[in-house]
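Next, two complexes with chain A in common: one pairs it with chain B, the other with chain C.
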Partner chain A sequence: MSSVAITDPIVGELQDILGNEGVFTNKSSLYNRTRVPAPFPVHRWNQLIPDAVVLPRSAEEVSEVVKLANRHRIPVVARAGGTGLADGALPLRGGIIVDVKLMNGIHEIDLDNRTVTVGPGINMLKLNEELRQHGVFYPDDPASYPCALVGGRIGTSGWSLIGSRYGHTRDLVISMQIVLPTGEIVEVGDGGGRKLRKSSTGFQLKHLFMGHQGTLGIATEATLELVPRPEAEFSAFFSYPDYDTAWRSTGAMTKSGLASLAGVVLFDEKKVDYLRRDDEAYIPQPDNVRCVVASAMYGTMDEVKPAAKRLMRIARETAANYLGDDVSQGDWASRHDRYATPLHGRNPDGQVVPMCWHCEDAAINYTALPQVTREWHAIVDRYIARYGIFDDWGMFAYTSGAHKPWGDYLVEIDVGIWEQKLNEDTWAAWVSCKREIAEVALKYNGSITACHGATREGDVELVPGEMGGGFDVMKKIKRALDPNNVMNPGKYLLDQAYDPEP
Partner chain B sequence: MLGFRLHAQRAPDPEPVIEGVVMRLEDIYEIDPAKMEIIKQQDMPVWDTLRIVNSRWDHLEWMHDHFADSVLSADDLGSD
Partner chain C sequence: MAQDQQAGSSGNELTEEFVKEWRDTAYGCFSSGHKFCREVCPVMQVTRNENHSPTAFHANIVAMEQGGLSVEDVADDYVHCTQCGACELRCPNTLFTGDFYRNRTRTVDVVKAVRSLAVQTGIEQPEWKRWVELTDERKSEPVLDGTPVTQEHVRDWAEGLDLPVGGETILFCDCEAAFYRTSVPRSTALILKAAGVSFGLMQDQWCCGGPMAEMGYTDKARRFAEHNLADWRSAGATRIITLDPHDYIAFTQDYPAYFGDEFDLEIVHITELVAELIREGKLSLTKPVLRVATYHDACRLNKRKGIYKSPRDIMKAIPELTFVDVDHVTQWSYCSGAGGGLKVERPEIAQEISRRRMAQAAELGVDTLVSACPWSERPLSERGAELQDVIEVRDLMELVADAAGLDYGGVHV
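And now, the complex of A and B:
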């Protein structure tokens, strides 16, 4: 659908639904709900703003807004924390931003059945502060943990830093209430029963509404998993003289079968070089610290203590050098901090320049990690040499299987981009760089993204190729659920669902 | 309140640590000012630098406590 300007009468209709205090059309409200933390085409910012922002307080209000959007054929884009890195919350065609931040209540804590039911606007850190008094924990731990919201985690099908023990968002959301693109309010889970983790009734609809980047509906309530608050945390960081040794050691740790192992992450040589620029944990390290593997465990004391001993033994047997308690504990505790990257960027002359952070992520099998690492760096090096506004911040490979820390990895290459220098030519170069990176992931039978979603240009063109016949199914589902294409139009190439039949 | 005046608490001259990194106060690393010609380094009194560093340790302590009741160190594990 094409964009339809929101007129004063439509604003009036929105105010009838939400009250004057729930509708905003002023410039700061609109612009602030467009920007995302990933590299952003700032030179086109004024083409990417909504016409109105609404802040509903209930599913019924969301439903009425969506029905209004269908009547007037106006785009609707859901937005939670705005921390996503794949543009899910970015309006491509104006319309109405449905900001769910005021739907941030805790509706029910069921300690017997180990669930908590919340609004989509609640943040995990704030939720866990409330849960602590009950001795339970909601273990969804993204890098954006202090600021991401549950609704965005559902829209993205988020990935958790401790997912190898506890699972990722799709494993931790038991059921959801969804406002469909035509305004109906439905409950979806694994079959029926809001608090049931396993059912064989009907289609498994919960997964359909995970990771759709706002194209299939708006989550208005979620029932989440509760786990016992961990008694013990153990983190250990190890150094290695080269990548291959670190890679083999990573494989040994992740195949250990230790159930309390929550995550293992391999930093490559370029990542360690980057960290030596201004990170207090890495600046003092001797030159033979070329690669680092970090690990973390959570659970009861009786689980973690013997498991940690076993992990340390595996590390010793695979040529790891323990970096000490200060680095291990301090760096693990700061795992969320690099989300907001300050002035780590360098131009080709080595000068500090303000760069934004792009992390191109993929899902890659263990055996392909060394080759993908080499090829990704070679791609970025070419673009650095040619354009001078990019900076290679290194790569990491992080255990990605839910409850199973072996086999497949979230692999990221972090690239600094001197955003102030972006114009149409350099933005096109960046998109081309991204596309080359994603093509390598597919070449090695990986997936474009393990974590963020593949809706950005440079990624999205490759989605039909990755999905194969599944992309036609996506289009049929989109057209069936959203006949007027009001729900986040333009994303995931789903406009193709509305093309006339040849 | 002399401590809140910049000139009263100026940090010592920087000493090189590694390429691109200097140190003025013990265990507090700074990017070499020679690398900060485009983005100028902020001139800060010692008390403010220490405030930021100390609050960073507070933050890390808070994060440990937020996620688990206790943190095991390698020494806590005992010998094999």
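And now, the complex of A and C:
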């Protein structure tokens, strides 16, 4: 499907809806609405630009823009923070970018029913600055906490570092207002009023509009969970002589049943090697520190104090060595900023080069972690040796079950990519590397992605395989809601929804 | 052709040279691309337009290298910056990789460089052009619209204070304070005298040139710097006291870049000096100042130079002042909107930034906001006067002079 070019009269119609100040067609506006922090094919940047950018201020304006696009068959791509790692906000076929950053208001704080209603353009850190005075917070806490926006969290169905205690985005968004691909404005939740967490009426539509990467609509308002600001925080870092010991200890901690346990992170041997090599914030440790496990608990003092004692006992019983208060408190406090380690790359000769960061985010069951870890490193090692523009920055495994930290993990391998050296061949090599990594996740009954989405090259080809019959359901839903394929076309192989019946 | 426009080099050649110089700096941001800067940027907080985000300022350069964008396409984006430096501090590259790689995100320098490239290639912003032309003509910035700012009046603020000219230590008075908020230099001069610091004024003070450099007129700015340096040399000066953070940036960053090792003068900001004088008992503050005040961290002191402790030490030394502090890291995302030429070229955005800053102060229940930056004081005063419970804006030196019982006079509205 090719896009329909935006003509001057259409720009005029957009200006009628949004005013001149809400519509942009100048080149730098277009270029800057396409880039994402994930490895980006800079050599093809000019093929990925939209035709117009709009900055709406209300759901009604979004609705009018979408109706216009649907009428003229023009692609519409929603963009919030533009910090996603799966290209959801990147236009593949030009069209109109609906940039929701101006819709960043706090509409209602309901302290009695513990909800806050916001626009999709608000950032979680900014929201929490406002909520602080009320003794509550919104605990959606991704690595991109200082920059991600609520709309993008919905579009990607995000994951939170402290989700084992508080839940992830899908658990924390109670209901939303959505502009459908045909322009209607609807409220979706579990059913009933927008502040209800549980209902059995009708289909559970909220989940349908979580993580669709902008292919089914645009969130224009969200009602979010408020939780008490934790009275107590306990963080502890432990070291281990090898991966298997760290992995067993992680299993014991996460199966402990301690409800205040908010997250456990396993750093593999390569990750510790990498931090030792190139992270100047790394606090030097003896050589026998080969693997690290970080854990954090939040809650009331009455919960956290005894739970912390229990956690420390479990750690001791599973051969963990406590790394001390400085590392435990300092490093946990800086976890968010540590998310970005650009410029830390080295080529195979050890020379420092500016590298972009790829963060793989498969969902993997506990039992498969050691094998997946080995196989992923082996794949990346092959590509490093062959192309010289990649670097292996090690792996993390994070607890991933909402309120249930046992069972499954977000498994991340961080790969450095020297973007300045990208061309068609090396980009193809990267995509192929990426695909091999995702295939391993599927081989062990995992999922390609726990939080970013699987819309990029190298992932998306495998989605029908992962979803099975569910992918046919996806196509039927897409076609029913978006009859003209205007909403983020080209993503998730959903063009197939419009293939003639065989 | 304006002086800063380069004869003989085409725009393409200039852009090529520019991209070569800045590409690695730009890639440092582009490769990261996390945009932590967005929510602390004072302009982005208002416009929410991704083109105005610090990360776009770097991405544009990568796009220029790829041939996608030209300086004509991006010049307007770079107008939207107060050069406050918040983005650089919040950048993970600065926070977590800077020391190891001797690399720091340099967004302010990038903005200045692109503005300079724009001027060199003939792309000028009308209000900046006017401002710079008037500054060039009058040797001070046209801070009073409609009222002539002229060289014969540059020392009028000191009338009746009997201040000498020349000497080892020079008090440099910025244009806004010299012609508009004269209570700042007057209180400063009396404080220095009371503490026994000997100093003189310049023989022929010109604007520091910093704002012209910030607007992209580098050659003109340098000519002003050369004049001032020559004036200091002929007076035998070895130390310059600045009362304005913008001058402090010009003298500690721009001038050393122009003159290299030859520039060996000691540059002191007044807050550092006064804090020291109080600490050493050379200045005694005994008169009560019955105000409930917060301190506004001037961006160029706090974010650009790491000076946040000495102003707070001074606030705490003022008798009976109720000081409601907001820590300096929280204030990374605060700004008065007065810097980087934004209020000259985009006054409506600058005003909204000022309004928000005063709204933040209003939440603290204070009656006074204290600043140490004369440029911030006019817009903040204007917005403070519009509040339901008016907040008065005072300069830190005015408060110190009040506490020292000095009658400085001058204009402070």
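Basically, the second predicted complex is superposed on the first by the 496 of 502 C-alpha atoms of A that agree within 3 Å, B and C clash if a C-alpha of one lies under 4 Å from a C-alpha of the other, contacts with A are read in each partner's own complex, and residues count from 1 in each chain.
Following the convention adopted for this analysis, a residue touches a chain if its C-beta (ideal position, glycine included) is under 8 Å from a C-beta of that chain, and two chains touch if they have at least 3 such contacts.
In this text the structure is predicted, and so the values were computed from the model without any measurement.
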May I ask you to decide whether A:464 touches chain B, chain C, both, or neither, giving the answer as first, second, both or neither?
neither
A:401 contacts which: chain B (first), chain C (second), both, neither?
neither
For A:193, select first, second, both or neither according to whether it touches chain B, chain C, the two together, or no partner.
neither
Thinking of the overlay built on chain A, is A:357 touched by chain B (first), by chain C (second), by both, or by neither?
second
Which holds for A:309: it touches chain B only (first), chain C only (second), both, or neither?
first
With both complexes superposed on chain A, which partner does A:147 reach: first (chain B), second (chain C), both or neither?
second
Just chain B (first), just chain C (second), both, or neither: which does A:277 touch?
first
Now for A:125: first (chain B), second (chain C), both, or neither, which partner does it touch?
both
For A:322, is the partner it touches chain B (first), chain C (second), both, or none of the two (neither)?
first
Go through chain A and flag every residue that touches chain B in one model and chain C in the other.
125, 278, 280, 334, 343, 352, 354
Quick one: in the complex, what on chain C touches chain A?
24, 27-28, 30-36, 38-39, 48-51, 53, 56, 59-60, 62-63, 66-69, 73-74, 76-77, 90, 92-93, 95-97, 99-101, 103
Report the residues of chain A in contact with chain B in the complex, numbered from low to high.
125, 128-129, 137, 141, 229-236, 276-278, 280, 283-284, 298, 301, 304-305, 308-309, 312-313, 322, 324-325, 328-330, 333-334, 336, 343, 346-347, 350-354
Contact residues on chain B for chain A in the complex?
17-18, 20-21, 27-29, 31, 35-39, 59-61, 63-64, 66-78, 80
Once bound in the complex, which stretches of chain A touch chain C?
24, 26-29, 31-33, 35-37, 40, 42-43, 45-46, 49, 55, 81-83, 99, 101-102, 104, 121, 123, 125-126, 144, 146-147, 278-281, 334, 337-344, 352, 354-357, 419-420
